[in-house]
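What follows is a group of structures, each given as structure tokens.
Look at the two complexes coming up: subunit A is in both, with subunit B in one and subunit C in the other.
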Partner chain A sequence: MSIKKMAFIVDKMPYKSETSRLALTHAIASQTVEIHLEDGENVEPVLAFIGAGVLNCLKNQKASEVYGVTTLESHIQNALLTDIKVLICEEDVKKYGLTEDQIIMDAEELGADITSELVPFSTIMSEMESSDHILFF
Partner chain B sequence: MKVGVFLSEHVKSNDTLDRLRAGSFDVVLVQNGVYCAAIKENGQASPVLGKATKVYALSEDLVSRGLEPSQVDEKVSVVNYDGLVDLIFNEFGKTIWL
Partner chain C sequence: MGKLTIGCFSSLVGSMTLDFAVKLAEAARKKGHDVDMWLSGNGTMLSKKGQRSFKDYSSLEKTITDLVAGGANVTACEACAEARGFHKEDLISGFGRKSMDWYLASCFSADRVLHIGGE
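Right, the complex of A and B next:
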């Protein structure tokens, strides 16, 4: 009987492959796994974007109009809606010349209570160290 | 007629691209290649943009990723699907996909 912390780390870009989308769907699915577990057991997910993975977090993605697929933006907002801790590496956001206003920081229109956090890589490293399992996407 | 070189990854260089004869080809950035057009890594434009006299980026792939056509480097011309078809039929004798 325990809580297992799982870190979902995304370092791949969106759309060319399904990899980063899998991270989002797996992280969101982990929030519903409780119904299959015994009392007192649960999964605590944390989702972090590092390296080129931060490019998943750009606002105003129009992939649904162009490709007919759900956007990574909508998946990230759904993650926030399901109270998943979303961390975005601030060094990598800066490296790619991006600013906070270009990044998905909240899902207020969906009614999410929490926001994404721009954090140093050291914070993400600490999350990985304190996790029971780390999954890289 | 020139060769149309389609680049679909966000890379700093490509061995084949480096070996092609200068002036014989134009680069078309598609899929994740469009990040080369709009993202300045560590403040520097992608080296790929200096490989060809003309560099195009596909607008549909830009906006899908949350990038506005107005964000692209001044060296890059933004084309849509229709424009790309025109390029393939009118400007490029052959196309290759890297």
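Right, the complex of A and C next:
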């Protein structure tokens, strides 16, 4: 049994570029990585939003109406639905004048069992330190 | 010898980031390391054949083709390529096209991962 932990760290704002979307789609791809691995091997993803990246986590995104593309909100909810640990830096949320009720904290309507976690940056650092690989988007 | 996985998300033209990634891959191969390169987002364009060389822009097609001939594995994200109108028949011979889980599997078995983000 070999599990490798991979931290997907997002510090880019949404929609201005493709970067944060690629972070989410790559993190969610961990759900099917087993097809390329040996029995007992797997990837444990952790998705963390820091800096301007916390803006990806705003609720009520309208990208479907404005740009005709899927919202990053729906991708974050899909990540929660697939039990990916989602961490959001609480210092950066405060820095942008946001409060918890403005942030995507769950995907209950999709049936997700886990919720996002607003955590201090030190917790995100600890996750990075305990990861085998860090993918910085 | 080890295995290096390089994820490249930057544009082929418009930045020198891919040039750096390709030079790094070349250096690693020369030292005998295995190299996987994952091209995603705008980086997928590096795997498109028929790139025309201009002196104003760096030209990587020959270098990357030689790298693949020498044993490096270069694989592009299929969805990112298709979204850019770049289809399987446009792929440089010897290059791969896979879904994103391939990159994670490559990271899984790598000794080191260098993830070079996009713009």
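As a convention for this text, the second predicted complex is superposed on the first by the 136 of 137 C-alpha atoms of A that agree within 3 Å, B and C clash if a C-alpha of one lies under 4 Å from a C-alpha of the other, contacts with A are read in each partner's own complex, and residues count from 1 in each chain.
In this section, a residue touches a chain if its C-beta (ideal position, glycine included) is under 8 Å from a C-beta of that chain, and two chains touch if they have at least 3 such contacts.
A quick note: this is a predicted structure, and the numbers were derived from the prediction, not measured.
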* subunit B versus subunit C as contact partner of A:Tyr15, first or second or both or neither -> first
* Asked: A:Gly97 contacts which: subunit B (first), subunit C (second), both, neither?
  -> first
* To do: Would you check which partner chain A:Gly53 touches, where first means subunit B only, second means subunit C only, and both and neither mean what they say?
  => neither
* Asked: Regarding the shared-chain residue A:Glu73, is it in contact with subunit B (first), subunit C (second), both, or neither?
  -> first
* Asked: Same subunit A residues contacting subunit B and subunit C, which ones?
  -> none
* Asked: How about subunit A: which of its residues touch subunit B in the complex?
  -> 13-16, 52, 55, 58-63, 65-67, 71, 73, 95-98, 102
* To do: Under the touch definition given earlier, write down the residues of subunit B that touch subunit A in their complex.
  => 8-10, 31-32, 35, 39-43, 60-61, 63-68
* Structure fact -> In their shared complex, subunit C is touched by residues of subunit A numbered 4, 6, 12, 17-19, 22, 25-26, 29-33, 35-37, 41, 43, 133-137
* **Touching residues on subunit C, where the partner in the complex is subunit A** => 7, 9, 40-42, 79, 99-105, 107-108, 110, 113, 115, 117-119
